[in-house]
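A, B and C are the chain letters, set down in written order, and residue numbers restart from 1 in every chain.
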């Protein structure tokens, strides 16, 4: 017998009673997210455990200036990796744009599809214009997020329909406590996370 | 003021350790139960609840002991036990032993439903409060079985708070196991010792004169460690203090 | 006690550095978890629901396996089944060889440890880059993990520094932990980006979509699983959940129970390999679904253990683990969950001490996010061991004798009288040494019994 047949024979493959799995989705126990989702999101984002910073801008057109200010504050040149993402269309002519992502890229721009108020998480998916690797290689991860795209709970994060290669939530900066329990930011992933919350997108 | 039946007929199950090592606990139990308006009987054939066999995996032996014990304890308004772990053995584990035996399961469940750890019984079932005094400071250790299997936590403290002159000091890690664990302490003595050493340090650090708890096994372990290390802390079973016998010899003090 | 276990325990108890490490790791986790639990008002209800979700899946495991396989396959992944650790390793090595892999990048996976993947890769001559910082340290030290969440918690920064200076091309120059972490970041970057194959575990397998969910704090998983041509997942069959909505409810408990965080920094759901138009991602995804004793556990009274979401809370709160650390357990998994799993995975005779070296205090069950009745399962192992005659003769005879006498009250009273007489010859108050009780008196004093037992005094009319 094949391993597959053997294992399935041992376990049996009878379906559960109809509705049993769905019943376990009803009324999930979760922290309440009351009223102003944007405020809740920003509060979660601002927690020390997150390590993220943010700025609110009106439109995507204002993003390049905001990015330039951020980079200057951190003593970095105006050089970024910008994916070929139509959501990021703006005047980036003031920047040196990396043609391809490098292992020690100082700054990476991205656009998140959603923000989750419950946890201050950013939601991304892979797609033709949304490479995944840059979001984990850059030292500074600068993410645009439409205000209107902030949902309340983790249950609201899922992308409906056929799934992409990767759907991922970023909740704060990369970190580790693996050496003597000491917290280190930017273990492998980004050390800095800066969210540009866009009023209209 | 007491609640419940006017004069319940209560069977005292003293436990093998109390019988062998420290009878005072049994007499304190009787005193407190009578003060709470109970008619106390001590079934003569009692020996051990079978916990050592149960925890060693000797299910057949544990079941045989359980049958005897159930038969001995049936027919009383309540069975009261000055030990969280022995009370839990009867209340929680006896029915588990008879999962596949409907006749004995019914009998086990009936006894279990009427079996109580003594401080929970006095506090919650009888609504009784002690009328006694003892000057000094005490710290209370929550024995694991009583705490996690029977929810014994607030009851001893409520009773002890009514002992005039007694101040309860918090114990850091009160809910942390003392390392007794029944046969564990003799099968794995080095690990048990390491755990008990930390517990003794916490007891010393509490600043209390007295250590109190609801299980004699735990008390022997902690008091034995404290004494070996030269600590002046003296240990009693909480029921002794509650029954007004806290002025007698502590555990280990020759009587 | 087996000689091997005794030796490991003695070594652990004699190691003050280990004690400091365990206290720091588990003590911090305990404190942080407590804060997170306090802040989550309905934590208890969430636990109940989480246990129900896992029980539902385990009861219908075959159904959800088939559903997962179909969904993952239609998303373009290859699904393999392995009955044993050896079968699983053979499948992984086979995929690596077919891909012409010279190096693999691994993100942390206890399943990889369980099946012995590091050894299998070494035997096959395939280079292995451990990308999780702690696993990297462990690899350099050629050791096994000592904790399921902090595998290198037993290493001091001095030990880490020495390892990095020995193995990194451009090691740190300052003796600080941030500098060491920077050295690892530098060293591992090329390894992650240059590997031919990326191997991960799975925290959850999502049945309806065929997605594999991983949770990490460092971002090393994503860095190991995007660049390589092939992504291999090794996952226990019990990692299934029906849908993402079910996974979410478990995710809410996982980080809170493990580290006190609301979520780990990265939560990623991979569904199949890259799509044709994706700018990055692996060309192929292989998912190896591993039984290795799990279906047997379900049938043998250990179904509740299959709820485990590998948070590590049980060991962080275990008084025994807090004294002996992880290596003393001798298996892949330490602490209470290890004491239940190791006899199932490695056989009872080899791991008899683990279910016994436990006080049955129940704290582990109290903190388990999926309410696994760990003490009950440990007692179950003791019962099995007893039935099979694996307990030492002295123990069996002692308990049998006790039980026999305990059912004969008159004989019992005589035995009590004799015991009192015998013990009091060694002292009337505190006894410091007692034959046959060296296990006790080696470390603590024993209170002598009173002159007469309770039952005897009561029978004489004393009140």
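Here is the rule we go by: contacts are C-beta pairs under 8 Å (C-beta built on N, C-alpha and C of every residue); 3 or more make two chains touch, one makes a residue touch a chain.
Just so it is clear, the model here is predicted, and its values are computed rather than measured.
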Assign the assembly's chain-to-chain touch graph to one of these shapes: line, ring, star, complete, other. line
More contacting C-beta pairs: A-C or B-C? A-C
Approximate Å spacing (C-alpha centroids) for the pair subunit A, subunit B: 54
Quick one: subunit B and subunit C, Cα centre-to-centre, how many Å? 33
Between subunit A and subunit C, what is the separation of their C-alpha centroids in Å? 30
Tell me, which residues of subunit C touch at least two other chains? none
Got the subunit B residues that touch at least 2 other chains? none
In the complex, go through subunit B and note every residue touching subunit C. 14, 16, 18-27, 30, 42, 44-48, 50, 52-59, 61-62, 64-65, 68, 144-145, 148-149, 175-177, 179-182, 184-196, 220-221, 223-225, 227-228, 251-255
Under the definition above, what is the set of subunit C residues touching subunit A in their complex? 21, 24-25, 28, 39-42, 45-46, 49, 52-53, 56, 59-63, 65-66, 75, 80-83, 87, 131-134, 137, 150-153, 155-157, 160, 177-178, 180-181, 184-185, 188-190, 192-193, 209-211, 217-220, 222-223, 226-227, 237, 242-246, 248-249, 251-252, 259, 261-275, 277-281, 289, 291, 295-296, 298-299
Across the complex, what residues on subunit A touch subunit C? 2-4, 6-8, 10-16, 20-21, 24-25, 28-31, 44, 49, 83-84, 103-104, 118-119, 121, 126-133, 135-137, 154-155, 157-158, 162-182, 184, 186-190
List of subunit C residues in touch with subunit B within their complex: 1, 9-10, 13, 319-320, 322-324, 356-363, 365-366, 379, 381-387, 391, 395-396, 399-400, 402-403, 405-407, 409, 412, 416, 419-420, 428-430, 432, 437, 439-440, 442-455, 457-459, 462-463
